[in-house]
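Read from first to last, the chains carry the letters A, B, C, D, E and F; within each, the first residue is number 1.
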Amino acid sequence: MADIREIQNSAWSKFRPSEAVLRGDSADVYFHRTIHILEKEGLNPISVMEVFPNGGGIICGMDEALALLDRVLPANNREVWALQDGNAVISKEVALRIKAPYLRFGLYETAICGILAASTGWATAARECAQAAGEIPCISFGARHVHPFVSGRMDYAAMVGGCKGCSSVEGARLADIEPSGTMPHALIIVMGDTVKATLAFDKHIDSGVSRVSLVDTFKDEAEESLRVAAALGNKLKAVRLDTPVERGRVTAELVKEVRARLDQAGHSHVDVFVSGGITPDRIRYFVEGGAPVAGFGIGSYISGAKPIDYTADLHEVDGKPIAKRGRIPGITENPRLQRVM
Amino acid sequence: MADIREIQNSAWSKFRPSEAVLRGDSADVYFHRTIHILEKEGLNPISVMEVFPNGGGIICGMDEALALLDRVLPANNREVWALQDGNAVISKEVALRIKAPYLRFGLYETAICGILAASTGWATAARECAQAAGEIPCISFGARHVHPFVSGRMDYAAMVGGCKGCSSVEGARLADIEPSGTMPHALIIVMGDTVKATLAFDKHIDSGVSRVSLVDTFKDEAEESLRVAAALGNKLKAVRLDTPVERGRVTAELVKEVRARLDQAGHSHVDVFVSGGITPDRIRYFVEGGAPVAGFGIGSYISGAKPIDYTADLHEVDGKPIAKRGRIPGITENPRLQRVM
Amino acid sequence: MADIREIQNSAWSKFRPSEAVLRGDSADVYFHRTIHILEKEGLNPISVMEVFPNGGGIICGMDEALALLDRVLPANNREVWALQDGNAVISKEVALRIKAPYLRFGLYETAICGILAASTGWATAARECAQAAGEIPCISFGARHVHPFVSGRMDYAAMVGGCKGCSSVEGARLADIEPSGTMPHALIIVMGDTVKATLAFDKHIDSGVSRVSLVDTFKDEAEESLRVAAALGNKLKAVRLDTPVERGRVTAELVKEVRARLDQAGHSHVDVFVSGGITPDRIRYFVEGGAPVAGFGIGSYISGAKPIDYTADLHEVDGKPIAKRGRIPGITENPRLQRVM
Amino acid sequence: MADIREIQNSAWSKFRPSEAVLRGDSADVYFHRTIHILEKEGLNPISVMEVFPNGGGIICGMDEALALLDRVLPANNREVWALQDGNAVISKEVALRIKAPYLRFGLYETAICGILAASTGWATAARECAQAAGEIPCISFGARHVHPFVSGRMDYAAMVGGCKGCSSVEGARLADIEPSGTMPHALIIVMGDTVKATLAFDKHIDSGVSRVSLVDTFKDEAEESLRVAAALGNKLKAVRLDTPVERGRVTAELVKEVRARLDQAGHSHVDVFVSGGITPDRIRYFVEGGAPVAGFGIGSYISGAKPIDYTADLHEVDGKPIAKRGRIPGITENPRLQRVM
Amino acid sequence: MADIREIQNSAWSKFRPSEAVLRGDSADVYFHRTIHILEKEGLNPISVMEVFPNGGGIICGMDEALALLDRVLPANNREVWALQDGNAVISKEVALRIKAPYLRFGLYETAICGILAASTGWATAARECAQAAGEIPCISFGARHVHPFVSGRMDYAAMVGGCKGCSSVEGARLADIEPSGTMPHALIIVMGDTVKATLAFDKHIDSGVSRVSLVDTFKDEAEESLRVAAALGNKLKAVRLDTPVERGRVTAELVKEVRARLDQAGHSHVDVFVSGGITPDRIRYFVEGGAPVAGFGIGSYISGAKPIDYTADLHEVDGKPIAKRGRIPGITENPRLQRVM
Amino acid sequence: MADIREIQNSAWSKFRPSEAVLRGDSADVYFHRTIHILEKEGLNPISVMEVFPNGGGIICGMDEALALLDRVLPANNREVWALQDGNAVISKEVALRIKAPYLRFGLYETAICGILAASTGWATAARECAQAAGEIPCISFGARHVHPFVSGRMDYAAMVGGCKGCSSVEGARLADIEPSGTMPHALIIVMGDTVKATLAFDKHIDSGVSRVSLVDTFKDEAEESLRVAAALGNKLKAVRLDTPVERGRVTAELVKEVRARLDQAGHSHVDVFVSGGITPDRIRYFVEGGAPVAGFGIGSYISGAKPIDYTADLHEVDGKPIAKRGRIPGITENPRLQRVM
């Protein structure tokens, strides 16, 4: 098994389980009681638990779940098979199978299901966006819509699903990339003018970071785009349109007009990024409408994706097939599973 | 302000901000850049930021957000107004107003919005369930469907929204109650029989914990209910029906039948709890159908609730009204806000 | 014409018209009056009546209608053309053409239309089921949902439409097969246990009748299936799942689970039959869901099929084309019609 | 019990059970087998069977079912409770309870359910029409759309549901009224002219029968109405409009126009009857549109009504409550039931 | 009749019939042929023609139709009854009845129906807008969407239906008011700046005309509103928002924001007008959303309203009731009609 | 440019602009004001205006618009490009481009848009009918549903869209054909009988006009068809069915029946025309239903077609690209445009 461990170790190591999880703080209380009862009864059978999603999608959270199992299962008495982060999975397909003494992993059923559910939901939504966008990169901007404890996990899952960048520092660290971002409305409001804020950005920020100006704060977007392009010249990488719903959101026609006006003024090198309420349907609207978008910033479509719930079932106890009503006793064959421990 | 602090302190103290959040790991990277630019430019105006939800609901996460602000804002130069956890809020209503030097809180915009968005989503879904259920208590069972880092927050928010109990240890601690739970299918499968498992539970678990037997694992629910009732006698508090979708879920008729058979056999003291795919619509189906349910266990309807996104806007800089396009400059009046710092 | 008569005679003879029908008890009273008026006026022209359905389907009732006409039309002054039971017919297509003295058949217009309408409706519904089921046999179980005077006709029509068996004694006699059936819940309830009832069935019933046990009366279906399979061994032909709607109906997953548990216990020879609310949509749900069903029992989808109404029109009187408004005078060509009298 | 019998006898006597039904020809074959097995086992417990519909409606067929039970149950060992023909019944409400030795009635479960299902379906549809029509009488004209074996039962059920007349001879006999009817298109076509046919009708038919002329065969309805009114004068009771769908069906405007033209020509005593595709919705269209209709002829809406299926369950065997899964053991209270045997 | 004529004369005189209409250029050719045939046959009966709409609405075009009839009917041999422009009319209600020699008016059936159809359609749509807007005035701006031959009629009908103003010179003349209007985008584009154009407007246009500035041509609407308000001071009556669909149309939030920014800058006297795709639904959206709109400009909802077709029927010829099939012969009573000639 | 003028002159000359339009009576008042302001300011730049429809369709009204421009633009200082009447155009495609001194055409923006909007709407609806009808000719009968000022324009547009004839005298003159028409109900009612009216038509009307008899006035359509066919013999070209909605409109079955009855009586040369509520859907209903219709008369589907609104934008002033917000400055390329002046 040594080989397997080495391969995986680098991926798992960044998902070090927290002490609270190891203590079982996030466990349903009935698992604490179950462990207690079985210990008192002297029962600790070698058991097989299978974990499967209740809907299809893109798996994420598996490395993190395996990192937890690696920490709690006895090294010399365990067998674990799994699909990998980024794999497509269909509804009810076994994605993880654990064979080990029950008392070593029973407490973590809640945590394992939860890790997989949340991350698979985010990665699946990101995949939908990436497929709609084709060659155009999608960036995850939804950190502000989830609890900060999981914003890094969310951004990491967005990358697994197909995004090319994310805005949170921790998400970028987990995905081993540089965080992406332009500037917030707050910078412009504090400085009082978009051009002034963009020039200050250019002056103080490391030159490796792209200059992308947010152009909907105070003036008409097309007018502001021409002003920042004139001010920064060739250093301007892109403008970002984020028109609020109170002003009718970004339209395909607006992107075309800004593109045309930039080109007429000799700023063809300046890209147009779009954000604000972006969904796969909205991406298709821009793409099919021929709007020359160079990048999409995506917020709550990914961050607010419904978790894809997972279920964990015991299928074998002490070598004997068993199952609750509604399930088929014994191990469920799935040739796509790989032995990982 | 001293009085205010004391009153709030106990509530905030349990939401101690993590070092990662304080460091800004969960912040969008452009806030790091904004702070950097403004520092370099020597700008740190007293600014007013207003935070409002983009949909109506039940506020949750405010105590946690205030705990973070309490830690980072200068004690002698800050004014904070807020609505409270559990308050109803309407779409676009200002729920939090911060007035302080911008560099002291600008970095936390992402975290504050994320804390409020996730928790408000969960609390709002819980309120819908509680309203549908009327007098019948609802218990949050969804810990397994969210990432363990936030499962405690989710269960806490469910309590704020109206649930009477939750299954995770951490959620119960935050809400200052005992965690609720019956027994998992795993205990029954490991022990091989429902009656045996229920007797073991009764033998080993503190007598303060209610005896609730899960009766759909191996046999017909009505048959199993009569078996456990016969075995535990008056000690049995309730049976829980959790019939899987493969067997047609729990129906109102099944609840009535189990109730009738228990009564016919002299077990009128045994309550019937229901779980599995419970939503407000399903609750109304049971209630309006006259099914004698004594408690609902609710999973992904609450845990998978879409976040209710929050937006943060600067409305005043150095005493002057200002705003981005689409917003009205200056402070937005909301007489429901209370000064909390 | 002699040849024609001989061919048909065997089919028609089993549908001997009743005295009440011959008397005209089932006729609309205005036909009695019409016959009376024409007799008084001395009118009895050779008339051509055409009969067609108001919707497409599978013809049934034609043999029965012809048996009636054979009895009442003058042998030496009649011409009858018809499509056959089991033929597909399209809306408005002439299915029966009668040329004879009007007074000899005018009274029977109500009966002929009624025979064809009811039977065509049943046969058409049966065809829909049979097409959905493909190779899997369908059995008609709907006798209890129609008046016993017509339950045999209904079951016969179901066979014409494509069923492979039926439960009523008279339907089976008309279709010249053995009636099908397993056992009613009543037998099991009277005997108090499914295994006991199945053993009694096996003991007393002719060995030519298949042993099919109904397994949803008292216990979980999978558990009961294993019990009866163990008790009867190789003599058990099949189990029948008839889970009531109060328990969520039969699901595809339940069929798969019972199949798997039977196989795991070495009872691969035992088939699984399904009944209860079966419709073409439900059949497709099982077939497309891969559920290993070996036979469907179908009740009210066939027995409650809406009649496909027939209309009878005079198109020629004394050799002259004529018709009421809205119809085209003269004989309607239909090359599919065959001369049968 | 003598009193009860006498009261009911007159109603039941007209529904003498046929020999085929008594022999069990219409029974599901498994009841024959069940009787055989129980006889061999020497089992014939006093059993309670409850019969209820699976949908709400107007009960019909009860007298006929009771006539059958009266014939087969032992006079000195039976208890029967029932609702009555014409009563409203709600879904799942017990409409018939039989307590007697099982072997005396088990064979007739199929027939009893079928009698009730078919007749209740027809009566319920008739009630819908009668309610829509209010004071305007509805006549059942659907004999041609059902098998002649049951056309009398159908017309009888239509009367129970609220119709004021029916066209079949047998239906009228069961309901103890005169059959209704005008004249068929066939009479007019054979005679070649509507006026000629109407005059012949008047000449030869008993003067107790109303003169109602069918006016859509050859000419425009309004023109023909004036012609027959002129020809018959005060003897004409009504004209019947039956415009075929090929000519746009009868419209409310046509009724008003014919009414106005008749009135203008001094024939205010001539009523206007309407038939052809009449449903409750069509009746409401005429009534709410103010069309002066004096009677509706209703065909397949009643005759093609879907049966309202009944289910029969054993709830007590030898004095002990029992039931299959999904039902509640023991007698179901229903204070509306009356003891009838 | 003299009195009647005088009263009406002023209203009719402004609708002088054109020579082309009097010549019958707009008549269906079969009326020319009919006149020719009847003249040749020497037939010119006094006939009664009734004209009614095929849908409900607000009558308009009646004065114009009467002006035509006044010109062509013989003064000493005519009777005309009519409803008035602005009256509500229901579907099929007689709105105009003409009694005169047929040859004097038969040719004008096409023109009379057409005048009423088009004008009634426009007036009815205008009424829907006015009702939705309540106290807020609606102005008709749709002249550019109809042929210039009828643009005056359209604007006049809009006023009859409830608009308070219109933009076309001829429509205003017919309705006896001053035409309304602000300034077109063309003026601003030719002059190159909104403030410059507004100042030029103020300089050269009669001071009786309100100063209303169109503020969406080059810059953000809120920014431009503040610029023109600063430039004109108290002379500015209103700004008009006409944001194109490419920029998301006008929203309720935009109106509120412009209102708030104007108020903050001390320009509370400046009203906000809204135009662009206005319909009754959009009006309700603004009104129910609390947007402080001071006037709506309405284009194609009124100008593109479907005509409400009228039908003309002869009901009496030479004093005898007559009618085509489907109509009731003789004069149709309508007490709301008034004798006008 | 001389060549271009000659080619176009014949087409434009029939659309001589009226004095009212040249005076600007139909112009929005703000254009009068704009001209006044610019004259006072001494501004009259060479400007480029582009005109495009807001929906796709068949262009009509272009010749009329060009006739107006030809009259008002300076012959030596103008460039005009246009698509042609009858061309398909897509939404937003530039259909007309004018380059000339602004003061010479600015006043006519309202009229040009209105001419194009109304005519394009009518032509587009006619094209839909013609495409549905395929080889069967469509005739425009809607003159009575529009104001007589524009009925000729409407009929002309119907011809441009694909109709083969029209009923108004002026429409036929513009399209350079003979007007089409049969006879009105009025002729038949005045003469009292359809046959009599048809014979009078035949007697008095030029033999070059087809004899088409309207057969639904007094009697059943099939009966009347046979009567007129018998009376006129070979001179009868066709019958027209126009059954009113009160009698169920014309049905496909009625057409087939009339066709069959005419053929049975030896009148195969008599065609069947259909009118009354004809739409593309109704045409498809007849065509796909195999009804042998020889011509469709179409009324309000064409005459009541919603205008397809046009927008006019300035894109260049004094040689400099310019545009309002939401449009792209400078000339819009469209290779389909042809230089016409």
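Everything that follows uses one rule, which is that a residue touches a chain if its C-beta (ideal position, glycine included) is under 8 Å from a C-beta of that chain, and two chains touch if they have at least 3 such contacts.
The chain lineup, named per UniProt: A, B, C, D, E, F = Nicotinic acid phosphoribosyltransferase.
Everything quoted here is computed from the prediction, not taken from an experiment.
J.: What shortest step count links chain C and chain E in the network of chain contacts?
T.: The distance in steps between these two chains is 2.
J.: Going by more than half of the contact pairs matching by residue number, which of A-F, C-D or A-E reproduces the interface of B-D?
T.: Over half of the B-D contact pairs recur in A-F.
J.: Counting C-beta pairs in contact, does B-E beat A-E or the other way around?
T.: Spelling it out, more C-beta pairs touch across A-E than across the other pair.
J.: As a test of understanding: of all chains, whose mean C-alpha position lies farthest from that of chain B?
T.: F
J.: At what distance in angstrom does the C-alpha mean of chain F lie from that of chain C?
T.: Chain C and chain F have C-alpha centres separated by 58 Å.
J.: Please report how many Å separate the Cα centroid of chain A from that of chain B, as a whole number.
T.: That pair's centroid distance is 22 Å.
J.: Quick one: chain B and chain C, Cα centre-to-centre, how many Å?
T.: 58
J.: For chain D, which residues are shared contacts with two or more other chains?
T.: 218-220, 243, 245-247, 253-254, 257, 325-327
J.: Run through the chains and report each pair that touches.
T.: The set of touching chain pairs is A-B, A-C, A-E, A-F, B-C, B-D, B-E, C-D, C-F, D-E, D-F, E-F.
J.: Taking the complex as given, what residues does chain B use to touch chain A?
T.: Spelled out, the residues of chain B in touch with chain A are 18, 20-21, 24-34, 36-38, 40-41, 43, 45, 47, 49, 61, 102, 106, 109-111, 113-115, 117-119, 121, 141, 143-153, 167-170, 172-173, 179-192, 197, 200-201, 203-205, 209, 216-219, 243-247, 299-300, 303-304, 306-307, 309-310, 313-314, 317, 322-327.
J.: Give every residue of chain D touching chain B within the complex, in rising order.
T.: Against chain B, chain D makes touches at 321, 325-330.
J.: Which of the residues in chain F come into contact with chain C in the complex?
T.: Those in contact with chain C are residues 220, 222, 253-254, 256-257, 260-261, 264.
J.: Touching residues of chain A toward chain E in the complex: what are they?
T.: 218-220, 223, 243, 245-249, 251, 253-254, 257
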